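Per-chain numbering from 1; labels A, B, C and D assigned in written order.
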Amino acid sequence: MIKKFFDWLKQPLGLIAVGIVFLALFSAATYGIYTTQQTPEQPIDFPHNKHISFGIQCLYCHPGASKGPAAGIPSQAKCWACHNQIVKTRDSALLAPLKDAVMSGESIEWVPVAIVPDFVQFNHRAHVAAGKNCEDCHGDLTKMTIYENPQVFNMGWCLNCHIETAGDDQEKLIKLSDCGTCHY
Amino acid sequence: MSDNKHHADAAQSHEEHLREKHLMLDPLPRGRMNEMVMESMMEKPTWKFWLVFGFLAFVVVYFLFYQWGVLIVKGQGEAGVMRPDYWGIFLVNTVFWIGISHAGTFISAILRVFKAEFRRPFTRAAELMTTFGLVQAGFSIFMHMGRVWVFYWLLPYPNQRMLWPNLHSPLTWDLLAITTYLLSSTMYLFLPLIPDVAMARDRSTGWRKNIYKVLALGFRGTEGEWTHLRAAMNIFAFAISPVMFSVHTIVSWDFAAATRPGWSSTIFGPYFIVGALHSGMGAAVVVLAVIRGTMKHMDYFVRGEHFDAIGKLMLIISMAWAYFFFNDYMVQWYGGDKWTQQLLHFHEAGPLGWMWFAMLFTNIVLPWAILWNPKWRANPWLVGFVGIAINVGMWFERYIIIPISVTINRMPFTWRMYTPGIEVPMGIGTVALFILLYMAASKLIPLIPVWEVQEGQMAHELKKFGRETVVSVSELE
Amino acid sequence: MIRPEEIKMSTEETGKWGMVIDQDICTGCQACVAACAMENNITFVGEEDAGYGRSMHWIRIERFWEGEYPEVKMTPQQPMLCQQCGHATCEPVCPAFATVHSQAEQLNLQVYNRCVGTRYCANNCPYQVRAFNWRDYQRPEPLPNQFNPDVTVRRMGVMEKCTFCIQRIHKAQDKAKSEGREVMDGEFTTACAQACPANAIVFGRVDNPESLVSQLSHKGHGVKHLEELGTLPNVTYFKGG
Amino acid sequence: MSEQFSRRDFLKLAGLGAATTAILTGCGPASRYVKREPYQQMPEYNSVGQSTYYATTCRECAAGCGLVVRTYQGRAIKTEGNASHPLNLGKTCARGQATLQGLYNPDRVTDPNKTGSAMEWDAAIQVVADALKKYKPDEIAFLMGMAPDHLFDLVTDMANATGMNAPIRFGALGMFEARATLSKAAETLFGQAGLPFFDVGGAQVVLSFGANFLETWLSPIPYTRGFTGLREAKTKLRGKFVQFEARMSATGGKADEWVPLRPGTEALVALAIGQIAAEIRGGAMPKAFSSVDLLDVASKSGVKLEALEHLGELVATTNGVLAIPGGPALGQSNGLAVAEAVLALNAFAENIGKPGGVYLSALAPNQTEANRPASAKEMQEFVEKMASGAFKVLFVHGVNPVFELPKSIDFKSAMGSVEQVISFATFPDETSAEADYIFPDHHGLESWGYQRVATGTAQPVLSGAQPVVSPFYNTRATADVLIAAAQLAGGKFAEALPYKDEVEFLQTKVSSLMSESDGSFTAPDAFTFMAYFQQYGGWWKNTDARLSSGTSGILNANISAEEAQFAGEGEFFFVPFVSPTLAEAGANKPWLQELPDPTTTVMWNTWVEINPETAHELGLHNDDMVKVISEVGEVQAYVYLYPAIRPDTIAMPFGQGHTAYGRYAENRGANPANLLGGHFNEAGDLAFAGMRVKIEKISSAVSGVGLSRMESRMGVYGEALGEEH
């Protein structure tokens, strides 16, 4: 029985079948991993590009970046303060979730995208103070609607930049490549 | 005349006696011998075999793999480890199984290098012990890890984080040594297996033939093939011996390199090697006794002389172990460090002091009392019993070195006794897996290296010098 | 590897951050232990595991007895925590570099996410101050609301230990840097020192001769535990009395 | 993402994934699939990613230490001491640290409820209003804890205006401190009642008769600070500390000399020391000391004559002697005499009102006279009234009498005689379990309020409390409930509480301090004053307001030199003591449970301390289960062979043995209050240390079962090491 099966597998058709099964599994796995790497859907398709084109600075909505670890999401009141005054957006269907949230006092549930694992202690302030611009890590937001990561935020990527930044400065290199700088 | 005849008779009986006693002098036709080995392997397993096999399989699946799953899901808390006994039976078992594996290499490589002829029928059984033992050791060490799913972080592989294993850590040395040992011992198991597999290939049909065909690598037994094989085996025999010594030395450094009372001992390297051989020889003799007692035709291949020879080795190793034990004890005691003093006292007089005395009894007293006698030494079951006893004693030794010794540290506020948990069933699982692999091997590959026996028999002959019958061995290589 | 000429005498200051603990005034009240647990998201393990040496305390207060009743005395309470050794025995033995020496802060780091759980470091620590996450200890909702966001929450299978509140060190340094100055002595302290009602714990820069901690640690009768092992501990104890 | 595969499902799935990743990475949940909710409106003073610190007052005991709580995104993260608060100067005890585990405890009362079934707050307020209206004022009783004071003031105002029974306050800590005795003894010294203040830090020699001032006594943080001052050789020589007690407490463990005297002989020993000292110093023998016979004292107390002489010499020849009475020494039939005898030593040392001596604690800023919690005797009277049906409705707030009162005072069955019992418990405890209604108050960190600092600092301090986080559950401030109910009830009640809410009440009470001089801050108007009050965590005067004009008349008083009477039969004196880590209400906090006891290092359980020699004679071993039997009851606990306890004494910690108090406290350990009978001293305090008990072995120790200790029995006691240590 088993022998028959193996014999069948050995003939061309069988080999093709094996190939198909293998490919199917491989693609399923790839797709599975691919989906995890996709930018998640947001409650509102927030157009970063439009806001930037109006000349709004990053730090206007994410002021935390220059002050402390988290850049933060603006409060709904802050969003509505502007949008409430613009006729077009006040009643726009696209902004209905915002309006609902403001009126009902419930929170909009954003899905964070630019994140690092919990065992990484990231501090925006230090990076901004060191002269990094937002787009250095977060990409060109004039070309994005909802935010997408321009690259994977993993340790190799962090470390690369840290080492480049340190250059020949030994003291800086020690500080920037120390495990305890990010992990504690 | 009658005197002469008497002499002749005596010579005759002496010769017969020698033939009966020594496998090398008792040749059978090659075809018959091959047949015997094939029969012993192909013999249809009895219901008893399946009963034991099934039971062991259950033990392995439930005690080893299922419990391992439990351990992984629920964490090391399922085991008995805690502060200060961060290391427990898992590491005892690791050291124990690595120790067992040492005898295999010792028998097949060292004895081969030194041309100890009695080794011939059981080199295969010993080499299997090496490989199977290392499998258990590997399992045990992975059971011990808190996050076994990231075990690959211990391997040196290039990565963008620029993170490498710590080459200062004895555990990294360990990992490298053990993997080297596992690879080389597997290869060294395989090389002498080729002619036997080729023999089996020529004498079997069906799936077995297909498997043997692959394993035999097309070995036909030509002169050129033999020359190459012998060269390869010789190279390996020489190369693997230092690996074997290094492996247990490095295992001992896990302890000797640590900053703990009772562990930082410069003599741990050789002490561990001798200990490994002690338990390994004990295990080998048990395996031989079981093979002889349960498999067909094995009373031809495995004889009293072999038990006698291993028995002598065991006696010597026991003496060596006693020497190293005393040496280590003496140096530790004389050092006068207060924590070490406390520890040594705790070994003897603590709640598990009986274990310390039992270890001395089974590792020293029992072998010395039994193995000095050539008659007793030739009794497979008696020597097998001593082998088991030594293994128990050596397990105790490792238990004393690990969980009992780490109970005592430099912070008396933390001292605590270790109570094993899930380690016990899992340890039993490794024993079951070891036996299970052996049982499977006995049905799948020739346990007796026929060609090696035949080679030996060809080299041996009885020659007469005057009245004396003398064994002569010709140089083959 | 350290060559003999590199071996420093333990009287030389090698560290950066250090602590002085006065056992004479430590009352053993456990405030430091509680403060440490609250600051560092340390889990509780329950009665059974705690009694079996599996408690996760990063700092414990040791006390022994001297003499027999009625002339019995408690020995001075001895808070035992990671000594942040300059030449630590835990560091070289980790196969994964999960416990490494911070060159920047001169601390013994424990990188939780790199830990594979061989527990060699804990075995090799002469002070026995490392705690292993033997299980995935549960903190039922809503207790996790209390988690300090600056400290990683550890899960099953990793080692942990006192960090000298490195999150506070970083925070103070970050603040000082943003204000363009150096961190001042006493500007911040560890959770244990902050809580200690008896002021028995003093924390600060030992490489700054002006700091309180280095002045105290240079007082004559300070003791460093097990310094004969060459661990160069950064915690100085006063037995007092 | 497809339509069929909704985001919710995805999050669920992803949540699974996140949990797996979490395990795999060994650290907290990978945040990839978490969601983040922005603030609707960013609260004042907050900014993203930054912690906000709020000053408030600790409510783990009534001492009134100032806290600064670190909050982050609306969650309380860490309690720290308020460095500018005069009482604790930035320090906290273990219980203060663990207060967040009460706030975020999984077993809190989440909603107002009637015997378990939830109800609306409107209905709840109606219930309270009905109760106020329906019954005559003198049928309404309030039982309150020792904190918070603002609620006590509110209820007092209500009682004064309506003729309702004045609120009664009680707390186990007060009971074990014998506050009534202390207060009464202080009266003989200072002419007015109040808590004496012992300046430990300024003394050179401290003789403590049972006072556990480094644990829970009165105000442990400032006393610990004082101890540091005593020991630290900064401006003077290292001070000496002598402790007299039958069982070595955590405080006694720090003593330079520990004197294990026989329970009940504290007064004798104090007087004898005084006599010897007076003899050495010469002059007239004070009357107080003259009545004792030294040899008699030595034989009764078990303290050798040489030891007494040595101590007497110490007292006579040292400047800066301070004697402190407290703890079990006062909880005996002759407790008042002990207090007087010990205070007489202070009078002899001429330290009344001097640095390093005894003062009378300052009154808090808005306080006119010292008040103290009810003594056990007063509680007994209260419970008798309850049982007789004199009260129709009983309000209980901040106290757990079913658990805390001695067994002989049966609060639980007396509750049955009250028509309506309304509990304001934040946490479901034994008392609220018996109540008809639970209308949960906020946790202390969610509450407004103030606490008067009763003792511990020279300055009068009113410690302020404010919510550091918004209420986590559907709870409501009891003050608000009472104000609302009073207004519903109308009449005198509405007149008594004419406030919009608790905050307005607070403001009224506090802003009167605006005009006081020498305050820690001034403000132009009530709102600013209130804002500062919150910001600084209270208001205090910058002057030393302790009463320092005591009389030395006590030296010529007749102090009864009798031994204490012991109730019950049995071969052992029984010393119950308050667990230093759990105290009266810490058992519901898992980390307090896991803190090792400072003396025994036991965690999560109750033990019975027995001298090893005695245990050996009785065939008892560590972890044997024994039954302790007193005249009123029995409890079971594990044996702990304690090397520093008299052979004729056994001791048990109070704090465990809850039958209801959340998952971490329930059915854990034993409650020694179940052994206590109704015996009182002259001041009406419970003679909790005045009992004799028997012990019976129940079962032998089983390996692996028993007390969880931090210490190693092998390393500390040499057990199982194969030799006697």
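In this text, contacts are C-beta pairs under 8 Å (C-beta built on N, C-alpha and C of every residue); 3 or more make two chains touch, one makes a residue touch a chain.
Since we're looking at a predicted model, the values are computed, not measured.
**Student:** Mind naming the chain pair that shares the most C-beta pairs in contact?
**Tutor:** Contact tally peaks for the chain pair C-D.
**Student:** Which chain's C-alpha centroid is most distant from that of chain B?
**Tutor:** D
**Student:** Going by CA means, which chain is nearest the middle of everything shown?
**Tutor:** C
**Student:** Find the geometric centre of each of chain A and chain D from their Cα atoms only, then give the gap between the two centres in Å, rounded to an integer.
**Tutor:** Each chain's C-alpha centroid was found; their separation is 51 Å.
**Student:** Using mean CA coordinates as chain centres, what's the gap between chain C and chain D in Å?
**Tutor:** Once rounded, the distance between the two centres reads 30 Å.
**Student:** So the centre of each chain is just the mean of its C-alpha atoms; given that, what is the distance between chain B and chain D in Å?
**Tutor:** Spacing between the chain centres: roughly 66 Å.
**Student:** Roughly how far is chain A from chain C, centre to centre by C-alpha average, rounded to an integer in Å?
**Tutor:** Once rounded, the distance between the two centres reads 36 Å.
**Student:** In chain A, which residues are in touch with two or more of the other chains?
**Tutor:** Where chain A meets two or more other chains at a single residue, that happens at 117-119.
**Student:** Among the residues of chain C, pick out those that touch two or more other chains and give their numbers.
**Tutor:** 52, 60, 62, 64, 97, 112-115, 133, 136, 152-153, 156-158 - these are the residues of chain C that touch more than one other chain.
**Student:** Chain B: which residues touch two or more other chains?
**Tutor:** 147, 150, 411-414, 416, 419
**Student:** Hey, how would you classify the chain contact layout here, line, ring, star, complete or other?
**Tutor:** Contact pattern: complete, every chain touching every other.
**Student:** Using the touch rule from the top, collect the residues of chain A that touch chain D in their complex.
**Tutor:** Its residues touching chain D are 36, 40-41, 63-64, 67-78, 101-102, 105-112, 115-119, 124.
**Student:** Which residues, counting only chain B, touch chain D once they are in their complex?
**Tutor:** It is residues 147, 149-150, 342, 345-346, 348-351, 353, 407, 411-417, 419 of chain B that touch chain D.
**Student:** Touching residues of chain B toward chain C in the complex: what are they?
**Tutor:** The touching residues are 74-78, 81-87, 144-148, 150-151, 153-154, 163-166, 168-172, 175, 254, 257-260, 406, 409-414, 416, 419.
**Student:** List the residues on chain B that touch chain A in their complex, please.
**Tutor:** Chain B residues touching chain A: 159-162.
**Student:** Please name which positions on chain A make contact with chain C in the complex.
**Tutor:** That would be residues 117-119, 121, 123, 125-126, 129, 174-175, 178-181, 183-184 of chain A.
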